[in-house]
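Two complexes follow with chain A in common, the first pairing it with chain B and the second with chain C.
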Partner chain A sequence: MAPLYALGCEGSANKLGIGVISHDPETNKTKILSNIRHTFVSPPGTGFLPKDTAAHHRAHFVSVAREALRAAKLSSPKDLSCICYTRGPGMGAPSRASPSRRAPCHIEMGRVITGADNPVVLYVSGGNTQVIAYAEQRYRIFGETLDIAVGNCIDRFARTLAIPNDPFPGYNVEQLAKKAFFKADGTTKREPILLDLPYAVKGMDCSFSGILGAADLLAAQMRKQDAILAGGGETVFAMLVEITERAMAHVGSKQVLVVGGVGCNERLQEMMGLMARDRGGSVYATDERFCIDNGIMIGLAGLLAWETGFRTPFEDSTCTQRFRTDEVHIKWRTD
Partner chain B sequence: MAAATETDQFPCVLTVQVPFPTTRLASVALQSLQVDKELSPLVRRTFTISPPVSDADTTSDQEKTLHVEYRATTNRMLRVAVNSFMESLNLVIEVMEHLDADVLAAEAHSS
Partner chain C sequence: MATPEPAAAIQPPPPTDPEFPLPPILQHPSAVGLAELITQGAEGRLYRTSWLTPTRLCALKHRPSKPYRHPTLDARLTRHRILSEARILQKCRREGVAVPALYGIDESQGVLSMEWVPGRPVRVEVNEFLRRRAEKYPHSDGGRGKEEVTRDEEGAAPLLGLMRRVGEAVGKLHKAGIVHGDLTTSNMMVRPWEKDKGPVNGHQADEEDYSLEGEIVIIDFGLASQGSADEDRAVDLYVLERAFGSTHPRAEALFTVVLEAYKDTFKAAPVVLKKLEDVRMRGRKRSMLG
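The block that comes next holds the complex of A and B.
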């Protein structure tokens, strides 16, 4: 049997990503043929509004799709088995563009790229903070944020400090925070001064709004942006590592997979790696091409569902802003 | 009687007529636009294709017009709904122009 091809479209936040992916059901080999992304970057100090984001996606959809098809070098679009799009969750207006749900998509992509077979998954992005583990054809949520997502916390603090949104606020925050780990000469390493910030872990869940409030207050009082960013980073990442470790102990897994936009933060990967090494395991992470919302992750999860017989009639191809990770039946995994 | 109340409640009416060169394109446009439900309870809309599509002519090259009738409680709601419809319509037509199977095939031949 020849490999199957899918076109995946993701546009449920400020990134419009379209890609072509192939999967061979017999050999279970996955190949990425193209992965094109165009990001709506709002001016420093502002967030992306649904209306402007929708206009961005509409304006770029055709050119991004054409580039994805051209780069994939398919002989004809008729070779595509299915077109997959993000059903939810996300902002209503931009999503209007076989539906997939973002968390399982991120997870399947991470499993393929890193080769981790059954990890505990930390899904950290602008809209989600969840610790997830697979059991009996569902990705089950072990712990999650009680209020805002960790990425939202970082983005909003970046907005307070008017840090540029290009290429994305998390990257700029990470670069600024790194400065706190060096002396004024920029080369000699030192322990950063850690500012007192709330540490809000409640059982398997955590909370980020209090940290954001405290960081906003500190930002109004002092000028050392790098110290606040480094302190905030150490605190929120420690919280995430703690709840992930607890989930690993519970399910007896030694692998951690970090997915979602915040997952490309190298400090988070490093801290997670230290914890996993202590437990005799390892951390699996991908880079920004696959961590951040993209079309191929949607295409992959959609194609896997398609192979198990999942179809969506055209008149049912709607979007929803609310869609829980554990609502999706993971029919393609049998372990 | 029911029709009278409909006109009373939704007095502001605008019909958009979009001509398409083939039955297929007109049907594709209708299906893609209809799938996103009208979100406001203050606006009603109906889609029709004329001349009506029969089972026989789905592959014919007959010109068809897509009629979209918007009814709203106020002119303001009508404007908001039609503006957003126009944006979606614009994208649908752009996709037809650049991403339709025959367009891509023709492009692959010429390059």
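The block that comes next holds the complex of A and C.
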């Protein structure tokens, strides 16, 4: 049997990502042929609104799709077995301009890229904060945020400080925060100053809105942006690592996979690595190309579902803003 | 941008030796060889030691420092959690809830030592009961041993008694204003009755069902909090119900006995049980989107 090709389209937030991926069902080999992304960047201090984002996605969809097909060097679009899109969750208006579910897509992508086998997954992005583990054909949520997502917390705080949105706020926040880990000479390492922020962990759940409120108050008093970002990061990431560790102890897993936009943060990856090391395990993380919403992850999960017989006629393709990770039946895993 | 690159972006660090050092107090020359690691949770490790006096066993809970955390944050959290657990144990003791007695704490080193509770966890005892029952009614007997235990089944009385005592213990705990946070059958011990303090109803435990006889002692208050929110109490019951369902499916139908005993012990129970229905409908988490 020849390898199958899929075109994956993701556009449920401010990134329009299209990619072509191939998967050989016999050898279980996955190959990424192209991965194109175009991001809608809103001015500093503002977020992306559904209306403007939808206009952006509509305007760029055709050119991005053509580029993805060209980069994949497919002879004709007819070689594609299926076209996969994000059914949810996310903003309604932009989604329609491009059926998969984002979290399992991120996870499947992470498993392919890093080769992690059956890890506890920390999915941290602008819309999600979940600790997930696989059991009986579903990704089960062990812990999650009780209010806003961690990425949302970071993005909103970046807006308070008017940090630019290009390429994305989390990246700029990370670069700024890095300065606080060094003394004035720029080379000697030091611990950043810890800020007095609430540490809101409850069992395997956590909460971020209190931190956002407290950080906004501190921002009004403190002048050094790097110190406040680094100090905040220490608290927020410690919370994430703690809930992940609890889930690992619960299911007896030694692997962690970090996915989602916030997963690009190197400090988070470092802390996670220290925790995993103490448990005799290891952490798997990817970088910005695969962590952030992209087309190929949608293509991969869609293709895996397609191989198990999942089909959606064009007229039935809809999208939803509400879709939970544990609602998706993971038919392609048999362990 | 379009370069296909399936290699791992970041190489995972090699796994290291998962052996852990003992807490400082057990590294003291006088304590050498006296500690045995019992379990390792996410947060802490539990040792059984006799470091206090040779005849007195004690449970030593150690919360080691976490290298990934900022040192200030780490010290603050360890201190806060040890103190909170100690306060909760003391409060339970004062209110007459059966918990291990607190012997001492060293919050700067993250160590809490308490009474060693003899006996086995409820989980083990219930499974042992179900195993014996399955042996008593072999497959030839209509496969009765594999079916669910019913209330008026012959020989089910000791199990019912145990479930009742579990319900009473949880009722007392909630009455004292404590929410456990991780109520499972592994976090409850069956402490055999002391010799002269037999069961009040005069029922003499025979060899066969001895294991189910004993006082329920709730342990591990690592996730506990002080509070009287009906929501939290209902989640406690729900977690226990799920733990019963998943670890002892054949005894699941008897969970109502636990709830009845809970209701008889705790005056505010009806509100909590009403809330429990909501929690059952939506799961442990508040319904959340995204």
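Keep in mind that, in the parts below, the second predicted complex is superposed on the first by the 334 of 335 C-alpha atoms of A that agree within 3 Å, B and C clash if a C-alpha of one lies under 4 Å from a C-alpha of the other, contacts with A are read in each partner's own complex, and residues count from 1 in each chain.
Heads up, the rule we're going with is that contacts are C-beta pairs under 8 Å (C-beta built on N, C-alpha and C of every residue); 3 or more make two chains touch, one makes a residue touch a chain.
The structure presented is a predicted model; accordingly, all values stated were derived computationally and were not measured.
Once both complexes are superposed on chain A, the partners chain B and chain C fit side by side without clashing. Counted by residues of chain A touched, the larger count belongs to C, out of chain B and chain C. Contacts of A:Arg58 after superposition: chain B is touched, whereas chain C is not reached. Of the two partner chains placed around the shared chain by superposition, neither chain B nor chain C is touched by A:Gly170.
In the superposition on chain A, A:Tyr199 makes contact with chain C only, not with chain B. Once the two complexes are laid over each other on the shared chain, residue contacts for A:Arg66 go to chain B alone; chain C is not touched.
In this overlay, which is a superposition and not a single complex, chain B and chain C have their closest Cα atoms 19 Å apart. Looking at the complex, you find that chain B touches chain A at residues 31, 34-37, 87-88, 90-91, 94-95, 97-99, 101, 104-105, 108.
Residues of chain A that touch chain C in their complex: 30-37, 67-68, 71, 89, 112-115, 127-128, 141, 144, 146, 149, 191-192, 194, 199, 202-203, 205, 234-235, 238, 241-242, 245-246, 248-250, 254, 269-287, 289-290, 321-322, 324.
Residues 54-55, 58, 61-62, 65-66, 69, 75-78, 96, 314-315, 317-318 of chain A touch chain B in their complex. By the touch rule above, chain C contacts chain A in their complex via residues 1-2, 4-6, 8-10, 12-18, 20, 40-43, 66-73, 77, 181-182, 223, 285-286, 288-290.
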